[in-house]
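Chain lettering (A, B, C and D) follows the sequence in which the chains are written, and residue indices restart at 1 in each chain.
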Amino acid sequence: MTHSKTIFTALVFAALALYPVFTGSYGVDLVTKIMIYAIFALSLELLVGATGLICFGQAAFFGIGAYAAVLLSPEGSAPSLLWLLPACVLASAAYALAVGALSLRTKGAYFIMVTLAFAQMAYYMVHDTPLGGGTDGIYLTMKPVLGSLLDLDKSTTLYGFTLLMLAGVFGFLALLGRSTFGRALAGIRVNEQRMRATGFSTYPYKLAAFTISGGIAGLAGFLFAVKDGFVNPEMMSWHLSGAVLIMIILGGLGHLRGALLGAFAFALLQEFFKSEAVFGDFAKHWHLGLGLSIIASVVFLPRGLVGLPGQLKVRLMGRNSLPEVRREAV
Amino acid sequence: MTQTKSRLHLIAAAAIFCASAASAQTQPKLKVGLMLPYTGTYASLGTAIENGFKQFVTEQGGKLGGREIEFVKVDDASDPSKATDNVNKLIKRDNVDVLIGSVHSGVAMAMAKVAKDTGTLMIVPNAGAGAITGAMCAPNVFRSSFSMWQSGYAMGDVMAKKGIKKVVTITWKYAAGDESVGGFKEAFEKGGGQVVKELNLPFPNVEFQALLTEIAATKPDAVYTFFAGGGAVKFVKDYAGTGLKKSIPLYGAGFLTDGTLEAQGADADGLLTTLHYADALNTPRDNAFRLAYAKAYKLQPDVYAVQGYDAAQMLGVGLAAVKGDTTKKAEFAAALHKAKIDSPRGAFTISKFNNPVQDIYLRQVSGKENKLVSIASKALTDPGRGCKL
Amino acid sequence: MDFSIFLIQCLNALQYGLLLFLVASGLTLIFGIMGVINLAHGSFYMIGAYMAYALAPIVGATLGGGFFATLAVGVVLAVLLGYVLEWAFFSFLYEREHLQQVLMTYGLILVFEELRSLLAGDEVHGVAPPDFLAGTLALGDVMTYPVYRLFISGVCLALALGMYFVFTRTRLGMMIRAGSTNREMVQSLGIDIKFLYRVVFAAGLGVAVLAGMVAAPVSSVYPNMGDSVLIICFVIVVIGGIGSIRGALLAALLIGFVDTFGKVFLPQAAGVLVYVLMALILLWKPDGLFKAG
Amino acid sequence: MKPSDISLGVLPATSPALSAVPATPAVPSASAIPAASALPAAPDILLRGHDITRRWGGLVALDGVSLALERGTVHAVIGTNGAGKSTLINILSGEIPPSSGRVELLGQDVTGCTQPKRARLGLGRSYQRNTIYPTFTVFENCRLAAQAATQQPWQWWRSAQHCEASMSAARQAASRAGLNELLDRPAGLLSHGQKRQLEIAMCLATAPQVLLLDEPLAGMGAEETERMLALLAELKTGHAILLVEHDMDAVFRIAECITVMVNGTVIASDTPDGIRNSPQVRAAYLGDH
């Protein structure tokens, strides 16, 4: 990543680290939620942005991670993070492996719809059977702990832990992107035909990316269940799969920073349009404001929020560089 | 020495007295958090509840238990996955003293958990999920509406007494539907009836033709159903459309015909339903309420407005007992358990599980109104299974 | 289940399938033929239903009422709306990535939902079918069958044949199909593809609104109603094979039967059956049942 | 080059233009190399196609085509459009399976192998339409192609730039294809000719033993064609090259063996001189049979 990108990312994480000092408990909870959505958006970025696989069922892996956290933790005592977190990530990664193995046989819009189909199957599995506590969901009685070191029941501890996870996932995906595996994924996105001609069996690469992405989404689901202490089938509905897709497109595809920016922008836009302080009675119609700002972003930000500085530079300096090509060139 | 000590006590006592007196007059405003659906399928219910609540507050001159009321509204959009964040917004950002909400059971469950953890006072103005005053009950969580079990149980009782033997039940496969049919089955089978078949379909699917044909095939004596909103409109129209209405009488929980009669038109005529409220009760209390509501909001009040109104009443009774100090939870609860709420639907008391003990009315649809026929069950108490209060 | 009940269930399945095709027909045009991923299709359907409710009294007052008059006025308004919508929101999206269309149409869903709440309120409404279609036919001793549902099936079949004929047998249809496969090529052949796309989009919206208006008496009119039909419409278009009208019709009928008999024989799995069906079909034939056309 | 280039004028007469080509040191003139069959040592066959047939429903695209590629030779395949040349390359490279017949690579039956597996065994190919990574730099295009040989995807922490093997192979391939000055330029900005060179460079980066080239000279100017022919001549040593091409002039200068295909069948396969005088080829092109 070029110099300016690393500085920007470092600044974002520094700001997140200092934020709890300046805000009350509501601000901490809000940003914890947004960071969890950022991890969730990063998991989809690996698929859509890096590999070009548009998955419309990511909420299934998010929900499985959350439900695993509740179903696996014992009734009476607080479960230990050491085994519960990996178990949830593995559970969603396992489902991702199964779904990926089948759905990667299709391409394009058909792939989008097959992933949706498998996500709806998981949704109805939880919605209609007693397994998931039915439509009213189930409570997580005791929040996980790490020995005496870490008790996730306290919101600031959960904030710190979530920030740590976000930084870890961001770093992992950044390294992965530059590694031989990441370059192969980029090649598959740009021209899978050429990749096969030079000797890459592309199916295993795509399946590996799909499974890793499912595991990271499971991690986000786990954190969401721990934050709320309550899981509900709506966490696996296609509305959430759509919302996370909107986040990474809004932020700008092909960039990890895009997923980060998209998650924050999507959540803060909602907060802004819902706030009575600003809109008074019209806050009831917050969908209108959110919808119009999304449409505006499609019109004015063809490459998402991430592309904004590039666009401004071109407009100000008048250089008619081929932004599309120059941006990606490694 | 003792004199000075006693003088000190005197001064201290005076100080405390003034402080409490002062706080009585200039007590800070009571912040009431309204978490209701203002968008999505239940939007009209959310508005009705808010109108009912505000009407009682204005009738009390804008004060409950001697404290000015300040409202903070949040739209929950009937989405359980965002419920916890919305409640945290009210409790942690706006630090409300009382929570009022919500309509969707999933959202209400999430709210109840946060209220239980933070100890904030909460009154549920609609969601009928049994768990809120059952397995998940809490001393500071009350309900001003009903439990699904109650309306189902009452209809079971009515149909058993009518000598109906074989019944088919049909509803959406979700918690509200299961609890309503569960209550019905309990009373109906106790009265000697038999539920021959329980049909259900995935929520929110509204394609009923297949199951209506199934009902025609089993030819039961009657059908019991629970649907609400758009689903209720479509079910009643389809039921009439397939000619079943003439041959197999349809009974249901009150929501089948509440707030939907205008859309259902003639297809709903004559339908018998049970609910804790009815049109044309013509008790003085109810007529006064309906008149004031119609004048204030240019709308006819429905059961949701009544439930909002009673939530305010319950809050008023509790606050009066603790003189506006919401930290005294035990006295607040005790006052409510002793109180007799003078509601437009008819006076009701609060059970030890914090659910209304109320009369359930049998109503029949005629001329776009659910006219009162009789009292299906007198002062029916929800068993509150699983609650350790 | 004796034989007569089985026949009635088949009739129910057939009718539900045809209704599904009617609802998905607008998407077959815009997503199937033009390749635009249109998440706002549910909103168009909802607009149709609310038009049927709101226009009836207005048309009654001005043109002397009548179900078909309202229908005609509604479709004309829809085509105009479609023309303007395509010019304002879609004309510059064809060169961009598909996902930009997803973002745009997601925004449109939110905007339409809120405009509906502002203009038509949040109550549930009913729409009465025209009197001469309001009757029922006797069906066996206990049941009767609403004539209006047969009318809907008729409208659907007419629409299916019409669309199939236009798109596979006429020059206009050929140009449109060519346009969706290779936009630049068709442009270089001197065909004004921009105008052609605008016409097809407007027709797509017109058909979706027609579906909403025709189905309103059966489906009733309530907030967020578009949301519930959106996913099933995409399932139909994709199972049938993107761009294929025959495919969409067959897929709709298939889902009609699976959903109807699923509710009767496998009630606890009814919700998931449609998606299992889609997964199986797409894994067996990764490009859907039919090729384009 | 449009099919009409296969004008009669070029074929029959040993037109002086051909032999008068200034024999640049790198380009030994075609006739100087002894005909394939006359090689003393046993011929080193790297890729062989046995009786390959391919049907699309009723249409027979290839009917019983057999072909052998020998190390150190350029085997050209010429024929009108629709003769099945591209289908043949797609079958040999493993992109589409044959309806019947066998493909042997380095003595091993690879008929059932997928395209990536054959590529890793040493079979590289280029495409008629440019299939390159337009948004990557020229160097990254070659490096990613080279990476196919040494994949090790599990080393996710190591940056791809530290993978010495792929970096050096990429540098070598790029320089052989004459792209040294363009290494950091995004491939999307190259001229058409340069893109064809990049196509060859990516082929070389996988260090193949067999090269299947689908019209590498298409759309190239005279000067670029010369440079490409020089490259091909240089590549002959140590590689077996299958060349599908319409530029007759280039084919007859560079190829040791030429196969002529019409409507999916081979009507003649011989040395350039043999083809020039063969009655079947003349009949096929004159069309008076």
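Here is the rule we go by: a contact is a pair of C-beta atoms (placed from the backbone, for glycine too) under 8 Å apart; a residue touches a chain by one contact, two chains touch by 3 or more.
Predicted model, so just to flag it, every value in this text is computed and none were measured.
Q: Along the shortest chain of touching chains, how many steps lie between subunit C and subunit D?
A: Steps on the shortest route: 2.
Q: B-C versus A-B: which interface comes out with more C-beta contact pairs?
A: Output for the comparison: B-C.
Q: Looking at C-alpha means, what's the farthest chain from subunit D?
A: It is B whose centre lies farthest from that of subunit D.
Q: How many angstrom between the C-alpha centroids of subunit D and subunit B?
A: Averaging C-alpha atoms per chain gives centres 79 Å apart.
Q: At what distance in angstrom does the C-alpha mean of subunit B lie from that of subunit A?
A: Whole-Å distance between the two chain centres: 37.
Q: Please compute the C-alpha centroid of subunit A, do the same for subunit C, then give the distance between them in whole Å.
A: Using C-alpha averages as centres, the distance is 32 Å.
Q: Mind pulling the residue numbers of subunit C that touch at least two other chains?
A: Residue numbers touching two or more other chains: 113-114, 117, 268, 271.
Q: Of all residues in subunit A, which are in touch with two or more distinct other chains?
A: 124, 127-128, 285, 287 - these are the residues of subunit A that touch more than one other chain.
Q: If you go through all the chains, which pairs of them touch?
A: The list of touching pairs comes to A-B, A-C, A-D, B-C.
Q: Quick one: which bits of subunit C touch subunit A in the complex? Just the residue numbers, please.
A: My answer: residues 37, 39, 89, 92-93, 96-100, 102-104, 106-111, 113-115, 117-118, 231, 234-235, 238, 242, 268-269, 271-272, 275-276, 278-279, 282-283, 286-288.
Q: Applying the document's contact rule, which stretches of subunit A touch subunit D when the two form their complex?
A: Residues 172, 175-176, 178-184, 186-187, 190-191, 193-202, 205, 208, 322, 324-326, 328-330 of subunit A touch subunit D in their complex.
Q: Which of the residues in subunit B come into contact with subunit A in the complex?
A: 38-39, 72-75, 79-81, 83-85, 88-89, 92-93, 105-106, 109-110, 113, 117, 129, 131, 136, 173-175, 178, 202-203
Q: What residues on subunit B touch subunit C, complex-wise?
A: 39-41, 43-44, 47, 173, 199-202, 204-207, 209-214, 216-217, 219, 229-230, 233-234, 237-238, 241-244, 247-248, 259-260, 262-265
Q: For the complex, which residues does subunit D have touching subunit A?
A: 93, 95, 114-117, 119-120, 124-125, 127, 131-137, 140, 143-145, 147-149, 151-161, 163, 166, 184, 186, 188-189, 202, 205-206
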